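Input: structures, listed below.
Each of the next two complexes has chain A plus one more chain, namely chain B in the first and chain C in the second.
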Partner chain A sequence: MKNIFAVAGVVIKELYRRKDFYVLFIVTILICLMMASVNIFNDAKIVRYLKEICLLLVWISSIVIAVTTTARQIPAERENRTLLPLLAKPLTRAQLIAGKFLGCWLACGLALLCFYIFFGALAASREHQWPLLNYFQAAMLHWFMLGIVVALTLLGSLVFAAPSSNSTICFIVVGGILFVGRHLDQVALTLLEPTRTIVYSIYFAIPHLELFDVRDLVIHNWPLIPWLYFSLALLYALGYMAVFLAGACLVFRRKAVN
Partner chain B sequence: MNSPRPFLLLLIALLVFCFGLAAHLEPQFQAWPGSRAKGDIIAVVLGDSRRLFANTFYVKADEYYHSGYYPTMFDDNAAFQTTHMAADTGAVSSKNHGDEHGFLGPRRNWIDAFGRNFFPDRHTHLDSGGADDLSGSDEVREILPWLKLSADLDPDNVQTYTVTAFWLRERMNNAAEADTILHEGLRNCPESYDILFELGRLYNESYHDRDRARNVWELGVRKWQKLDPEVKKENRIVMEQLCIHLAKLEEDAGNLPRAIEWLQQAQEVSLMGPVIQQQIDRLRGKLGEEFNPLMKPLY
Partner chain C sequence: MTAILKTEKLRVEYRSREMRQKTKVALCGLDLEVHPGEVFGFLGPNGAGKTTTMNVLLGFVPPTSGNASLFGIDVRQPIARQRIGYLPELTYYYKFLTAEELLRFYAKIFGLARAEADRRIDELLKLVELEHARKRPIKSYSKGMQQRVGLAQSLINNPDLLVLDEPTSGLDPLGRMKVREIIQRLKKEGKTVFFSSHELGEVETVCDRVAIIHQGELKAIGSVNEITGRHASLEKAFLEIIGFTTP
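On to the complex of A and B.
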């Protein structure tokens, strides 16, 4: 575990040395403040549109951070020729993958923490209430969703040749799942065989990232998600993370590092 | 070494030429009917595609009215053909049918069943409590940003102005803003009888100014009567409402014959003919009592 945490620590340091997060965070703050300054029928209590815009920007920013940070981890080590010396130390390939994953996931968690604190402050400034448990559920589900994205991107970085192609494919896959993942079974019913079976199989095989998107519940002040279902969703995410990480370890075990 | 003077003079000459050319072209450009610089920045950037966005934001307002419980393009949206926020104003004929509470249908599989815990799955309206059933009806203010954006993007959509004004007046008690948005609508759509109807309601119910209400409603009736017969058929509900409101206004003012005339006009366009006939009979009875007080039975 010590080795894994050491690798993870390096990844976290890399995130706060790079400007990606700061740029996205500042852009989010600026857009939100600009939208908050708009006068809508002289009513200062209108807040939900602001929450929606802020959460949308948080989601986009977090996915961009997760994918771009993870996609360059192993290719960068290979390009800089630091991968071989790293593996020459008492560090297995599986530990390296786990360390990279943990680092990226924790880095995303830190970024999310900043984003959600800003979101909470923005919402509280208009609503004068702070539903902490609702925000906790939303942030945790969001973070676990990013865990799946990080694991998927890490696997992609071992399969695809360049970080750019990996990032593009991951963005398309993640975007596709978020937009149509929930309805893929309905789409399948309108198709003919064998496409129907293929689409239906994809529906059951893909990680349903849209389950973790509880923005509507937060925006419209719906009650808390039952804790049982909340916990099951986290377990579901952990399952997919394990599957993608296992896949990454298998691919990396057979991959030439020089 | 060459003197910089010729270059300087050439530069000045070019600047003077540019300034003169610009001064010559500017009035022509301003007078050109195809100029896009006159419109607002949204119109210049988006062109006519802004109407598409306007409709998206209009529907978004209805989604907010339901606190996020809204069908997607994959769901059965028969019960959401007419936006509920517009139907609830009473001035729009609803084309909705089907079950608005259960557009999601039965649970399709375990992923669908599990997923329904993570998005709004209950039909509510913001003006009657919202998602937590505890909020006040003024929570309906949350639909306003999207309506304002929709009105900015498509200034020709009459319904955006009437719906916005209705909720501002009815639930937010903000008659001044409702007045402003309706007048903005009238500037953009001067022939709109819907806006005139809503403006009359504002004058009558919020300002208690019956004369102005009567004037705008009567103007609304005149504008409706100028429509083509086919268009009239599709917009009968507004005419019916205009006539009924005018009848009520005249009845309250004690002008019963005029009230009966308005009800008769309402009857011509209404699907609720017998109900209106009852009102006409009631007013005729009242009129008879008023003009023949001595004919009342003595015992």
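On to the complex of A and C.
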């Protein structure tokens, strides 16, 4: 485990020493503060729109951070040839993949923490309440969703040579799942065989990231998700992370690193 | 004497991605033995198979056939790399880390305790003369400084065998001299050094034994004097061995 944590530590250092996170965080803050400063239609409930926009920005920023941070990890190691001294040490390829995954996931978690603290402060300044458990559930589900995205992107970075192509494909896949994934079963019903079976297979095979999108929980202050369902959702995410990471390890094991 | 590094009938073939091109044979039945405490020079023209040999020894590339071992352990097992240090050619280390952080990272991978890692980092930064720049990010280093930090990382675990792939490549004469001094110092400490180089003068100065490889085959192996033989210099002997005739 020490090897995995050592690799993860370097990934986290990279995130907070690069400008990507700060730029996205500051842009989110500026947009939200600007909107918060305007009193639209004298409507007290307008705060819900503000929360919705703020959370949308947090979601977009977090996915951008997760994909871009992860996509460059292995290709940058190859390009700069740092993969060679690293693998010349008693470090297995599986440990390297696990370390990269853990680092990217924890880095996303830290970024999310900053975003949610800001979001909580912004919402509290208007609503004068701190529904901490709602925030906790929303943030945890969000973080585990990012875990799936990170594992998927890591697998992609071993399949596609260029980080840019991998990032683009991952953004399309993640966006596609979030917007279309939940409707695929209904689409399948309207199709003829064998397309119907293919679409159904895709519906059951893809990770349903939209399950983790519980923004309404904090926007409308809805009651908490039952803890059993909440735990099952986290287990579901862990299952997909494990599948993608196992795939990444298999692909990486066969790759020559010269 | 037991060999620290050994290859037996080592063969590596690279499959071409192009349909019509043939498989490229990078190494063809290479037999090598490096003994404890010797500085071994591995020579050959570009594309001869030097880096491929190192890649096999470090487990980066699987051999098509034959065996390679370090300290008697098959190179495919990560534990075989516990007692070696490796400096690849032209590596750009993590730009966002300082030299100290980089060395601490590698020390963690070797499982060095905190106090031991601190002591080792101080020693190595002094050895490679980077003490003054230990807190500076690597992105601000010159090429020579980056090569020296690379040398320091290869020594973090106090290895018994050091594998250096063209350690003086791209360095100015002063940088080359420093690297040479470090290799000689390691030799005095009883370490085994296996390195490839195109600087034949340097090889003559520091190596106990030399192997010359050409088109994946071992052409000559022996002490510098044995290889040089009747020739005026190692360079002339090298050129003749690889079949280059001067007009």
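Basically, the second predicted complex is superposed on the first by the 255 of 258 C-alpha atoms of A that agree within 3 Å, B and C clash if a C-alpha of one lies under 4 Å from a C-alpha of the other, contacts with A are read in each partner's own complex, and residues count from 1 in each chain.
One rule holds in what follows: a contact is a pair of C-beta atoms (placed from the backbone, for glycine too) under 8 Å apart; a residue touches a chain by one contact, two chains touch by 3 or more.
Here the structure is a predicted model, which means the values were calculated and not measured.
Legend: residue contacts after superposition of the two complexes on their common chain; A:R253 is shown touching neither chain B nor chain C.
In the superposition on chain A, contact is made by A:G9 with chain C only, not with chain B. Between chain B and chain C, more residues of chain A are touched by B. In the overlay built on the shared chain, the residue A:R48 is in contact with chain B alone; chain C does not reach it. Of the two partner chains placed by the overlay, only chain B lies in contact with A:L211; chain C stays clear of it. In the superposition on chain A, no residue of chain A contacts both chain B and chain C. Interface of chain A with chain C (complex): residues 2-3, 5-6, 9-10, 13-14, 17-18, 80-82, 84-92, 256-258. Residues of chain B that touch chain A in their complex: 64, 67-68, 72, 74, 108-109, 111-112, 114-115, 117-120, 130-132, 135, 141-142, 144-146, 148, 168, 172, 174, 177, 181.
In the complex of the two chains, the chain A residues touching chain B come out as 38, 40-43, 45-49, 141, 182-183, 185-187, 203-204, 208, 210-214, 216-217, 219-223, 225-226, 229, 232-233.
For chain C in complex with chain A, the touching residues are 51-52, 55, 58-62, 78-79, 81-82, 84, 86-94, 96-97, 101, 105-106, 108-111, 150, 153-154, 157, 163.
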